[in-house]
Amino acid sequence: MNFASDNWAGAHPLISQRLLEASTGFAAAYGASELDRQIEQRFNELFEREVAVYFVSTGTAANSLALAAVNRPGGVSFCHREAHMLEDECGAPEFFTHGARLAPVDGDHGKIDPQHLQAEIQRFPPDFVHAGQPMAVSITQATEIGTLYQLDEISAIAEVARKHNVPLHMDGARFANALVALDLTPAEMTWKRGVDIVSFGATKNGCWCAEALVFMDPKMGRDLPFIRKRAAQLFSKSRFIACQFEAYLQDDLWLQLARHANAMAGRLAAGISQSTQARLAWQPHANEVFAIMDKARSELLREQGAVFYPWNPPRANPNLLQPHEVLLRLVTSFATETPQVDRFIELLES
Amino acid sequence: MNFASDNWAGAHPLISQRLLEASTGFAAAYGASELDRQIEQRFNELFEREVAVYFVSTGTAANSLALAAVNRPGGVSFCHREAHMLEDECGAPEFFTHGARLAPVDGDHGKIDPQHLQAEIQRFPPDFVHAGQPMAVSITQATEIGTLYQLDEISAIAEVARKHNVPLHMDGARFANALVALDLTPAEMTWKRGVDIVSFGATKNGCWCAEALVFMDPKMGRDLPFIRKRAAQLFSKSRFIACQFEAYLQDDLWLQLARHANAMAGRLAAGISQSTQARLAWQPHANEVFAIMDKARSELLREQGAVFYPWNPPRANPNLLQPHEVLLRLVTSFATETPQVDRFIELLES
Amino acid sequence: MNFASDNWAGAHPLISQRLLEASTGFAAAYGASELDRQIEQRFNELFEREVAVYFVSTGTAANSLALAAVNRPGGVSFCHREAHMLEDECGAPEFFTHGARLAPVDGDHGKIDPQHLQAEIQRFPPDFVHAGQPMAVSITQATEIGTLYQLDEISAIAEVARKHNVPLHMDGARFANALVALDLTPAEMTWKRGVDIVSFGATKNGCWCAEALVFMDPKMGRDLPFIRKRAAQLFSKSRFIACQFEAYLQDDLWLQLARHANAMAGRLAAGISQSTQARLAWQPHANEVFAIMDKARSELLREQGAVFYPWNPPRANPNLLQPHEVLLRLVTSFATETPQVDRFIELLES
Amino acid sequence: MNFASDNWAGAHPLISQRLLEASTGFAAAYGASELDRQIEQRFNELFEREVAVYFVSTGTAANSLALAAVNRPGGVSFCHREAHMLEDECGAPEFFTHGARLAPVDGDHGKIDPQHLQAEIQRFPPDFVHAGQPMAVSITQATEIGTLYQLDEISAIAEVARKHNVPLHMDGARFANALVALDLTPAEMTWKRGVDIVSFGATKNGCWCAEALVFMDPKMGRDLPFIRKRAAQLFSKSRFIACQFEAYLQDDLWLQLARHANAMAGRLAAGISQSTQARLAWQPHANEVFAIMDKARSELLREQGAVFYPWNPPRANPNLLQPHEVLLRLVTSFATETPQVDRFIELLES
C-alpha cells in the first residue's frame, strides 16, 4: 500500500530490459549517437511539428533550464502559488536563471487563474526597471494537486502570456497522466493552445531517469546546448536516456502506464468518496488523490502498512480541515496494484 | 576498433542486470532509501574513514559541486592548464560557483608542477581584494592525458594547498584506472596524501550514470544537500544510482574493469612503440594512449574502421608534431577487446 | 511643491561644500585613506561598539550585499510584502545572492507581523532540502510606507529570527528619520534589540552618494571586502564617500536634517487630516505621508505644480480606496520648505 | 611626489564646484532628470552618432556590465593577459556574467596580438559545447601599462572579433589620456575602427565618481536598464554623475586634464631616460611611466617622500629585471605638478 509518490516506484521492466539490451556496443557520446537522433525525431512525430528536444536528468533540471532559456535580467516568471518549482525545487529555477524571480499566482484547484495572472503580470509595467520584467508563465499539467487544466483554461492563460510577450511553459512531470485523462494528443494539449516549452517527464511514469525539455519553436531553445552543458546536464552516455524514451514511447507504453496509474487513483478516490471515515479534499483528475481524515485514522493506516505523506492545505483554503483532521496525498503509479488500493479502502473502513 | 572515448562504451552487463533487478518495488525517493544508505556506508569502508558521499549525474556536476562546496567570493581555483574542468566543461565550474575563476597551472605530462602552483597561488596575497582569493586546488587522477600523479607528487601539491589554506580536490573521472595502475587503496591515493574531496567517477568504467562526490571531512560538504538539490542533481529515483555503485563495487568488479582497460591500453602502447608508422607522444599510465603519426596514415586507419579523436598538442609542447603529423588520443575501456587492439596495430603497420 | 521623493532632493550644501574642500590632495585609493579609517572609527562611536563598516554606492547595493554576506545555498530571506527590496530593486538581492529567494511576509502598516513571520519561516524545516533554508530576516526602518517599528516590535521579530538561527537585517534607507522620530540612539534601535546588520542610508537625507553597510559583529561581514570588490562597489576614490559621511555626522547634521524632514511631513499630515478634500491613508511617523483624495483633485494639484507619485494600495487593504479615489505618496526631505507645504494644503482646499 | 595612481588624486575643482552648484533644487531621480538627458545627448555629439549611454559608479562596473550586456551561456571573453579586468577586478566580470570566462591573450607592450587572439578564439569552434563559446573581445586604451593601441592595431583586432561574430569592447578607464596622446576624436578611436562598446572613464581624470558605459549601437545595450538596476548601479541621485560629466566635458576640460597628465608623464619619462640611476621599462605613451631601478634606490626615494607602487613584470618578460632591481609604476594625473616631477628626478640622481 505505497502511495508515497510516483517516484517511489521503480522502473517498468520493459524500460529496464531495454537498458540492459543497450548496454553493449559503442556509440557516440554526449547526445551525438544515432539513437539520440532517432528519439529526437520521435518527438517531432509526437508533437506533430519540428521541435527541439534536450534530454536532462531531473524534472527540476527541465524546469530550470526552460526558464534559463528565456531568461531576462530582472526577470519574473509567474507560476501557481503551490507549483512544484516554487515549493519544492530549493531555488533551482532562481539559481539557473542567476536570480530571476518566481512570482506566485493564486487560483483555485491548484491552477493559475487567468485574471489573477493578468493582475500580477501588470504589476510589472514595461520599462519600469525597479520592478523587473516578466519573462515567462509556467503551468503544471497535471497540477501539483492532481487537477487538470482544461484546454480553454490553457488558452486563457496563453492569451495573457502572449499579450505580455512572454512564453508559456508547461511543467509536465505528469504529462502522460494529464494527456490520457483528457484524452488528447501532445499537440492538442500544448502548442495548439499556446504552450511554448514543455518539461516532458517520464521518470515518474516508468523510467528512472528520463526527462526531456521540448521547445515548440527550436529557435527559442537555441542557447540550450550551451546552457545544458554548462548546467552539467549533458550526459556522456546520453544514449541511455534516449533508450529509456525509446521503450517508453514504443507501442504506447507510456499511455498505458499513465492510464493504469490514473485508473488506480480513480479506484482509490471512488473508495474514499464512499467512505464514512474519510472524504476527498477535491476531485482528483490524474494520479493523485487528496483525502481528509482524522489524524488518528491516518496513524492507524500507517501502522497497518500504508505509506503516504501529509500535505499542507492550500493557502487559499485555510479552513479545509477540522483541528483533528489531516490532509493526505495518495499517489498512484504504473506500479500500483489493484489489491493495494482495495486493501487501503478496506483498512480505512475497518 | 573504437578508441573514441571510454564514454562511448556502454554499461557493463552486471551493472545493467542489477538495474533490471532493482526495477520492481517501492523505495524512498531523493536519496533516502535503504540502498542509498547502504552504499553510502560502503564508501566509508572503501575510504577507511567516515566520509560524506553525494551521488550526482555527471562528472562535470561532481567537479562543479566540489568547487561550489568550498566557494568563496572572488575565489580562484587552480588546476592544470589542460584539465577537463578548464577545457571541456563549458564553464560549468564557474557557473556553479557563481563566477569563481579557474586559474591554469603549468606542468609537464599533464600534471601540476608544485613550484608553478606555488608561483601562481602566491599571486593572490591574502586580503588583496583586487586579485581575488585562492579557494581550491584541483588535480586529475588519472590525468586528462593518461598520466598519473605519483604519491609524492600528490603530497607536494597538497602541501602547497595546505600552506595557502585551501582544500585539494581530485577529479577522479578515471579514479579506478589510476588506482589499479598504481596498485593503491583509495585511502592511500587520497586523504593519506592530503586530498580533501574526490569526484569518484564510475560512468566511464562500466556504469552509465553514476558519479559520487566524496568529502573526506563530512563537515566540508555540509552545504552539499542544499547545493545538490538546487543544482538539480538530486535524483528522485536515486536508488538507481546507488544500485549501479552496488554492482560496480561488488566483488571488486570496478577494479577488474579498470585493470582490463589499462591492460588494453598497455597492449596498444606496446604495439605503437614498436611500430614503424607511429610513435607514442608520451608514456601512457592508465587507459589512454596518445600516438603521433602521419595524417595520411591516420586517415587510412579511420577508413578501415578505427574510431578515435585527434588531440591538441599540449601548449607547453608546441613542437611535438611535424607539420604532416597528427596527435591521436586512443582510449580503452572495460569494453575494449584484445582483437580490436591487435587489429588496430596490424592495420597501422600494413 | 516637490513631494516626489527624498531622492529628488539634491545634496545639503554643507556636504557639497565638504566635497569641494576634499577635492585637492592625494589620498590612498580603494578605502585605504586616513579619512576612510577615521569615518569607520566614527561608526564605532555611533553604534557604541566595534562594528564593521563598508561604504557602497546605493541602497540597493547595501541591502543586496547584506544578504550576500549571510548567503546560503537555497537560501530564503523574509521581508515585508511591500518591502523595497522585494518591490523596487529589480531582483538585485536575488542577483547578488546568486538566486536566494525573498519570501514576502504580511503585516499591518507596512510592518512584518512576528506571528506571520513565524508561520512563514517554519514552512522551511531544517534539512528539508526541497524547500530551501532560511537565511535572513529583513525589516525596513522607517518602513516603505512611512511607519515605524517600535522597539518591542523589533525585539519580537528578532526573537523569531534568533530562534531560527538567522540574522536580522535592517534596511535603513531612512534610518535617521526613524531614529529622530523615535528619539533613540543607533545602538538602541539596532543591536540592543537584536539587529545584526544595518543598511545605513545617508543619500536620501542630504548626501548624494553615501550608503554604509554596518555589521554589528564584524565577523559576520568578514567576506565583505571580497564581496564588495567583486560587486563593483569598492570606489577608487572612496574618500569622497567618507567625507560625505564626515559632514553628515558632524555636529548632528544628519539628525537635524531628519528632524526637519519629519517636521515637514508632520505639518503636511496635519493639514491633510483637517482637510475636507483629502484624508490620511494611515498615520505617518517619519517623512512620508500617504493621502487619499479624488483623482480629479490630485490632477488639479499636479497642474498647479505639485509633484508626487501615486502609490499602489497595500495588498492587505484592497478596499482602501473608493473607485474615484487615488492614493498619493508625499515625501518630504531636508530640502522641503514650509511654504511649499503650506501652499500644497492651501491648494488642496481651494 | 605622489605617483601612486591617478585615483589617488582628488577631484578637479571645476568639477567639485559644479557638484556644489547642483546641490540645490529637485530633479527626477534614477536617471530621469533633464540634466541626465542633456548629458546623454552630449555623448551623441561626442561620438558623432546616436549612442546609448549608461552612467555607473566604477570602472569595474562599466567593464562588467559591458560584458553582461553581451553575455552568452558558456561565454568566453578575450582580453590581454595583464588586463585590469583579469588582474584587478576580483572576478567582477565573471560575477556579473554569471560565470562567463575571461581568456587571457598574449601580446607585447600590454596589447593583444591579433594573431594570438585569432589562435585563442579558434580554440572555441562554433557548436562545440564542451569548450564554451566566444562572446566578446576587450582591449584597454590606454593599456594597463601605459601603452597605446594604434588605429591599425585596433582595426586588426576588430577584424578578428567580427570574423568570429563577437563585439569589441574598449576599457577606457584612461580614454582621455589615450585620445589626446593619439590626437584623435572619440569616433576615430572607437566605432570607426570597429569598437562596439566603451567603458568611458572620467574618475581617474578629474571626476570622483563618473563612469559611462557607451554602446555604439543602442540595440546592443537594450537590456542595460534592467541589468544596471539589478546590478545596484542605478543611482537615485544620478544627476550628480551627470553634472560631473557636464563639467568634465565642458570647454574641453577633460582633454586639457589628460594633456596635462600625459605631459607630466612625458617629463618624468624624459628625466628617467636620461638618468644614470634608472631606466624606462618601456616607452610610455599616456600617463603611466614604468621605471626600473635598484631596490635600494627605490627605497631611498620612498623615504624621501615619493609615493608609488611596485609592479609585477609582464609574464612574457621574465628577464626584465636584474635580481637587485625593481619595476616601479609611476602614474601622473591632472593633479600632478611639475615641481613634483622635477623633484623626483632630482632625488633619483642624488
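Here are some notes:
Which chain is which? They are A, B, C and D, in the order written, and residues in each are numbered from 1.
The rule is short, and it goes like this: a contact is a pair of C-beta atoms (placed from the backbone, for glycine too) under 8 Å apart; a residue touches a chain by one contact, two chains touch by 3 or more.
All values derive from a computational prediction rather than experimental measurement.
Chains that touch both chain C and chain D: A, B.
For the touching copies chain B and chain C, the fraction of interface residue numbers used by both exceeds half; the interface is of the same-residue type. Greatest centre-to-centre distance from chain C is found for B, with centres as Cα means. Computed from the mean C-alpha positions, the centre of chain A lies at a distance of 41 Å from the centre of chain C. Here the CA centre of chain A is 50 Å from the CA centre of chain D. Touching two or more other chains at once are residues 30, 73-74, 89-91, 95-96, 98-99, 129-130, 132, 226, 229-230, 234 of chain C. Interface residues of chain B, counted against chain C in their complex, comprise 30, 68, 72-74, 98-99, 127, 129-130, 132-133, 223, 225-230, 234. The residues of chain C lying in touch with chain D in their complex are 2, 4-5, 7-13, 15-17, 19-20, 22-30, 56-61, 64, 89-92, 95-96, 203-204, 208-209, 226, 229-237, 240, 307, 335.
Chain D makes touch with chain B in their complex at residues 73-76, 87-91, 94-102, 123, 129-132, 312.
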